[in-house]
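Look for subunit A in each of the two complexes below; its partner is subunit B in the first and subunit C in the second.
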Partner chain A sequence: MILVVAEQRDGKLNRASWEAIAAAQQLAGGATPIKIAVAGQALSGVTAELSAAAVTEVIAVDDAALGVYTPDGFVQALQQLIASVSPAVVLFAHTYQTRDFSATLASRLDRALVTDVTAIRSVNGATAYARPMFQGKLVADVVPQGPAPHLVTIQIGAFRADAVGKGAAAAPVSAASVTIDTAAIRQKPEAPFQEAKQAVDLSQAERIVSVGRGIKTQENIAVAEQLAKAFGAELAASRPICDNGWLPMERQIGSSGQTVAPKLYVALGISGAIQHLVGMKGSRTIVAINKDADAPIFEVADYGIQGDLFELAPALIAELQKS
Partner chain B sequence: MKIAVCIKQVPTREWQPRLNDDKTWVREQDVSYEMNEPDAYALEESLRLREKHGGEVVVCSAGPARVQQVIREALARGADRALHVEDDALGPADAFTAAAALAPAMAEQKFDLILTGLQSDDQGHAQFGPVLAEKLGIPHSTIIMEVIVSGTELRVKRELEGGWFQHIAMPLPALLTIQSGINTLRYATLKGIMAAKKKEIIKVAAPAGLAARHKIVALYAPQKSKQTVMITGSPAEAAKELVRRLREEARVL
Partner chain C sequence: MERETLEVDVLIVGGGPSGLSAALRLAQLQKQQGGEPLSIAVVEKAREAGAHSLSGALLDPSTLRDLIPDFQAKGAPLAAEVHEDNIYFLTPQKKFRFPVTPPPFENHGNYIISLNQFTKWLAGQVEAEGIDLFMGFAAQHVLYDGHRVIGVRLGDRGIGKDFQPKAAFEPGADIHAKVTIFADGVRGHLTKQLTRQLNLDAESGPAQFAIGIKEVWEIPKDRLKPGTVIHTLGYPLKEEEFGGTWLYAMPEGRISIGLVAGLDYHDPLFDPHAAFQHFKLHPFIKGILEGGQLMRYGAKALPEGGWNTQPKLFVDGGLIVGDAANFVNSMRLKGIHLAMRSGMLAGAAAFDAVRAGDTSAAFLSRYKAAVDESVIKTELYPVRNVHQAFGAGLIAGSAFAGFTMATGGHLLQDLPGHAGHKQMRTLAQYYGLQKRDVITGSNAAPFDRKITFDKVTGAHYSGTHHEEDQPVHLLVQTDVCHSICGDEYGYPCVRFCPANVYEMVDNGTGGKRLQINASNCVHCKTCDIMDPYAVITWVPPEGGDGPQYDGM
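And now, the complex of A and B:
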């Protein structure tokens, strides 16, 4: 049996949960039963939504101590759930919340965890999970070792949410009873907040020129700025540029910044680490300019130029200004 | 305050990977190494905490003899001493194995606070920190952008997705995984490099019976999800051709 742990906050399902369900259905191949569990409080809306999927059962892990997420609370609850349903594989979406508790859960269960998985295949009779390595320069097929269950987190965007098989009738919803020792929850979280109102909504931009480490210095940001102007585009950046304070954090594209899907995305000197790709790979047309022909950004690019951005950007500006 | 910072030695960003003969790992003889970038931010944060609250910063790393390169660098930047769990087999170790290798020696030291990067630039499991915390029986939090210590209480700012944050309080001792960009890195001074030569590095053998949790059965270059049109020629020619294609083919200009 495959268990998918879906994620919700305040009764709102995280969309990435559907991608993990799609991965489970591919892994099951129609033969292995799938159950979906979701932890929290007041879950009836979320379980009703999840019961549309073609699965055996949806399990609500409902407890007052799970109303606000904490790693200690969720590890206790999921450890008990896994002990009672005995899955062979447990799938999660690779969200920040999963990243916070899944390794602790695996360690407490003393079982293998494979993170950030992009594909599932069979290699010599064993299930192998493909995941990026070395900043996306390589992919590894990993076979988890040791007894079941194996825990697996699915990279955001690797499986299609709209590929989830729906059932002819709603799947039955059940409630799992867990006992949470609240005294053992050591983290005391406060309410989430946003630093400042985001002044720039890059998700509405039709064209974006995005700049990465290849720009080398703060002074050179002007080159990217001029190129953005010539394209009639908004200027954005990968995380390291914002970490250095060369552009404000609100212009950051990627898992910790904004997710965009413009008509045109020009990646200037961006190597294409997965944390960046998840924020922009839905763009209609992607142009990559990079000195390294093996940079992972070229895997998602429609048009690529391998070369020196300090020669190419001025040439492009001149060309765009011609007409 | 007794602070540990766990650092990993990883291939440089410029390194071009070449596979070994059975295509399950990289040719290590071709690799040049550097300090994992998120760990460098964790080191900087631990130095700032020591400057504020006093105490010491102990660098902890698991790996073959070669990892002394990044241990020395951390000492040159200002860490006080180091703990090196040395074993040739730990080079390609998964996160679970690395945490199991360091846990016994680190448990003896009874650190108040342990910092490490949120993930490594090589394998990128993002598991080492939480697994180590669990093995040491201490609470943790991940992807941290601010660390405030007052007495035995810890308050941190955790990054959530899409520009959201959250404050979390927890008791010490605790382990935090640090996000890149939390601070501005310092670099080693000549004085620091000289001082580092006299600092103590305790070497410990890896515990017996470490069992890998991951078996890599194949390592390969990623398959392209799109048919990329590579445009060649001089900068002026390439620019002209790209703009033409964006206008006429993609129709995005």
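And now, the complex of A and C:
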């Protein structure tokens, strides 16, 4: 049995959970049953959403002590859950939260953990999890050793959320009973930072319009903003733009900013330095507009337009507004 | 503001080969002699041991054998024993093999290593002795009591771009020590402060440096036998430029390839990174690289001045070791064994001083005496003028080097050296008056993204990372950049920086403005050395930031 641990916050499902479910369905190949667990408090909305997937069961791990995320609380809950359902493999989306607790969980369980997995394949009859090394230059096939369950985290954007097989009827939802020893929770979380509250989470955006040095001046950012609005997209940028303070750092894509994998990524005047590419090359459809035909962005673009973004962007906006 | 203070007997600043050797020697003496245990601390700005260490590298194992006799059994990561030395003179299209390998280039019995893996291993040996390594802590200032060095202040954490403390602000601790060993590497920022403050270079020649740019590649396994060593002279450097290249073959098709260029070049439009690209495009080298893959990139300055450029090595409460003391044999292209040796000697002197309760300069001078009695002097003294002689060009310098080797360097008067950055000519001097305000290098290279790569891509392959919201760690008097530099030198920082930290961008009013991409920095120190106006000062960014060398 494969267990997928979905992630939610304040009753809102993290979109990357669907990608982990898609990975589980690929791994199961229709043969192995899949269960989805989600931990927190007041989970009925989230479990109803998750029960649309073609899985055998959705398990709510509902406890007052899990209302606010703490690594100690989640490790306790998931350790007990895994002991009671005995999965062969546990999949997580490789989110910030997963990164925070998964190593502790694996060590408590004394089981192997494979992180940031981009593909699952069979190598000589064994299940191998592909994960990037050397900043994506090499891909290693990792076959976890030791007794089950093996813990695996799935890189965001590696699997397609919309590829999740939906069930003919909603999967049954059950509640798991866990006992959380609140005295053993060492973290006392405070309210999220004000700045974090405002911060845009680009990794959740379905469409992104991203702007680079080709925009030339701060005033011209408005052009990109209008295009983003026309697409219903979030606005993002490459490094120089955020360096200049033309957009806040939280909108920076790339190795020193965020990694994103939206359905649509429009790169305006971005040359495509490798530091930028590693942050967005997982996007499903990449559209690049650049003056320089040799710009490396065209090597990853699905649609490339060589030309002046100041001519092309308004034309695109006009066209989008028609429809 | 609350600042923590930590008291130790011996503080070692810098966790490279010299600092770690000093630490290990201290632990060994402790074991041999017993008594009240000394408290020893090592601080290192890299997040992990060895992450800022970069070299070719060929290791002469002589010091290692003395420090850790069973280094083989302890699993020292020596990639390959050298089995074949080749030295070539290159022209743009051809190569000419030197009929015999000149003795300094002979590497029989030496090992090809990755310095960063070696350093990591050495750090493991030090930790096994129970010594605390504080990784990811950058020492920011030397602390004095009058003329006595009493320790260092670590850098604050959590300061924003605007110099205001952020939510996670943590003031850096003061570490007080009876003896502080400065092992802060080539052009160490603390040794630089110390040298100025206490006038330690009054009797030494101006320090001289080169920049080394290195890549690790994976090529088809059968192309070069592991243990093959190739050095070249000539192209792509001009006759007036000191330097050369290397290519070392390790197992599994991994090779270390790089170029060293003296930071005393004359042409203001010279770009060392571009020279390295031309080297890779030379038919001989391209044939080796083709079909291979770039794995890693990095750069680091190296001391080239030799014996006569060592600063005064001891002060009240302080000692200087390794690259910080310029202990590199530029004839043999080796310094790791000398760095380790100086670390061992300094460790012993510090141990004796703490035991004797006398850490004055007078007592610590035994370190200098030990250096003079050691292989460091035997090796460096005879070749003390070689780099200085190359100031007269490759042919004259080579003739001088040959003569030096033949005579043991005894018959000759010391040659005066010159600070490298003063060797750079202005555009007018080098090109005549017609060239002004140019940025493109005289040796600009094409980037095909297969064999040659631009600097930004290089910075990526160095793994360098810096917290973006922190003050820029390159202090530049930008009025010079924005007024005279363009006309006089054509903004040489844009070219000598191997990581695209310096960029001249449109200032919006028809002129140019210096943009410092500080987070690309690979901590090579070239800008601090080569800027012709000496208006760039490298200071450490937040501890833990910088390149993440792995296998370099």
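By definition in this document, the second predicted complex is superposed on the first by the 198 of 323 C-alpha atoms of A that agree within 3 Å, B and C clash if a C-alpha of one lies under 4 Å from a C-alpha of the other, contacts with A are read in each partner's own complex, and residues count from 1 in each chain.
In this text, a contact is a pair of C-beta atoms (placed from the backbone, for glycine too) under 8 Å apart; a residue touches a chain by one contact, two chains touch by 3 or more.
These numbers come from a predicted model, not from an experiment.
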**Message:** With both complexes superposed on chain A, which partner does A:207 reach: first (subunit B), second (subunit C), both or neither?
**Reply:** first
**Asked** So, A:296: does it touch subunit B (first), subunit C (second), both, or neither?
**Response** both
**Request:** Decide which partner touches more residues of subunit A, taking subunit B and subunit C as the two options.
**Result:** B
**Prompt:** What is the contact status of A:188 with respect to subunit B (first) and subunit C (second): first, second, both, or neither?
**Reply:** first
**Message:** Per the contact definition in the header, classify A:256: touching subunit B only (first), subunit C only (second), both, or neither.
**Reply:** both
**Asked** Is A:243 touching the first partner subunit B, the second partner subunit C, both, or neither of them?
**Response** both
**Message:** In the overlaid three-chain picture, which partner chain does A:217 touch, first (subunit B) or second (subunit C), both, or neither?
**Reply:** second
**Prompt:** Once the complexes are superposed, what residues of subunit A are shared between the subunit B interface and the subunit C interface?
**Reply:** 134-135, 137, 193, 239-240, 242-243, 249, 255-256, 274, 296
**Complete:** In their shared complex, subunit C is touched by residues of subunit A numbered 134-135, 137, 193, 216-217, 239-240, 242-243, 249, 252, 255-256, 273-275, 278, 296
**Asked** Can you name the residues of subunit C that touch subunit A in the complex?
**Response** 167, 293, 295-296, 449, 456-457, 459-461, 463, 465-466, 468-469, 506, 508, 515, 517, 519, 550
**Item:** Parts of subunit A lying in touch with subunit B, wherever the complex brings them together
**Value:** 71-72, 95-96, 99-104, 106-108, 112-116, 123-124, 126, 128, 132-146, 186-195, 198, 207, 213, 231, 239-240, 242-245, 249-250, 255-259, 263-264, 271, 274, 281, 284-288, 294, 296, 298-308, 311-312, 314-316, 318-320
**Item:** Contacting residues of subunit B [partner subunit A, same complex]
**Value:** 11, 13, 16-17, 19, 26, 95-96, 99, 121-131, 133-135, 139-143, 158-171, 174, 179-181, 184, 211-226, 228-232, 235-236, 238-240, 242-243, 245-246, 250, 252-253
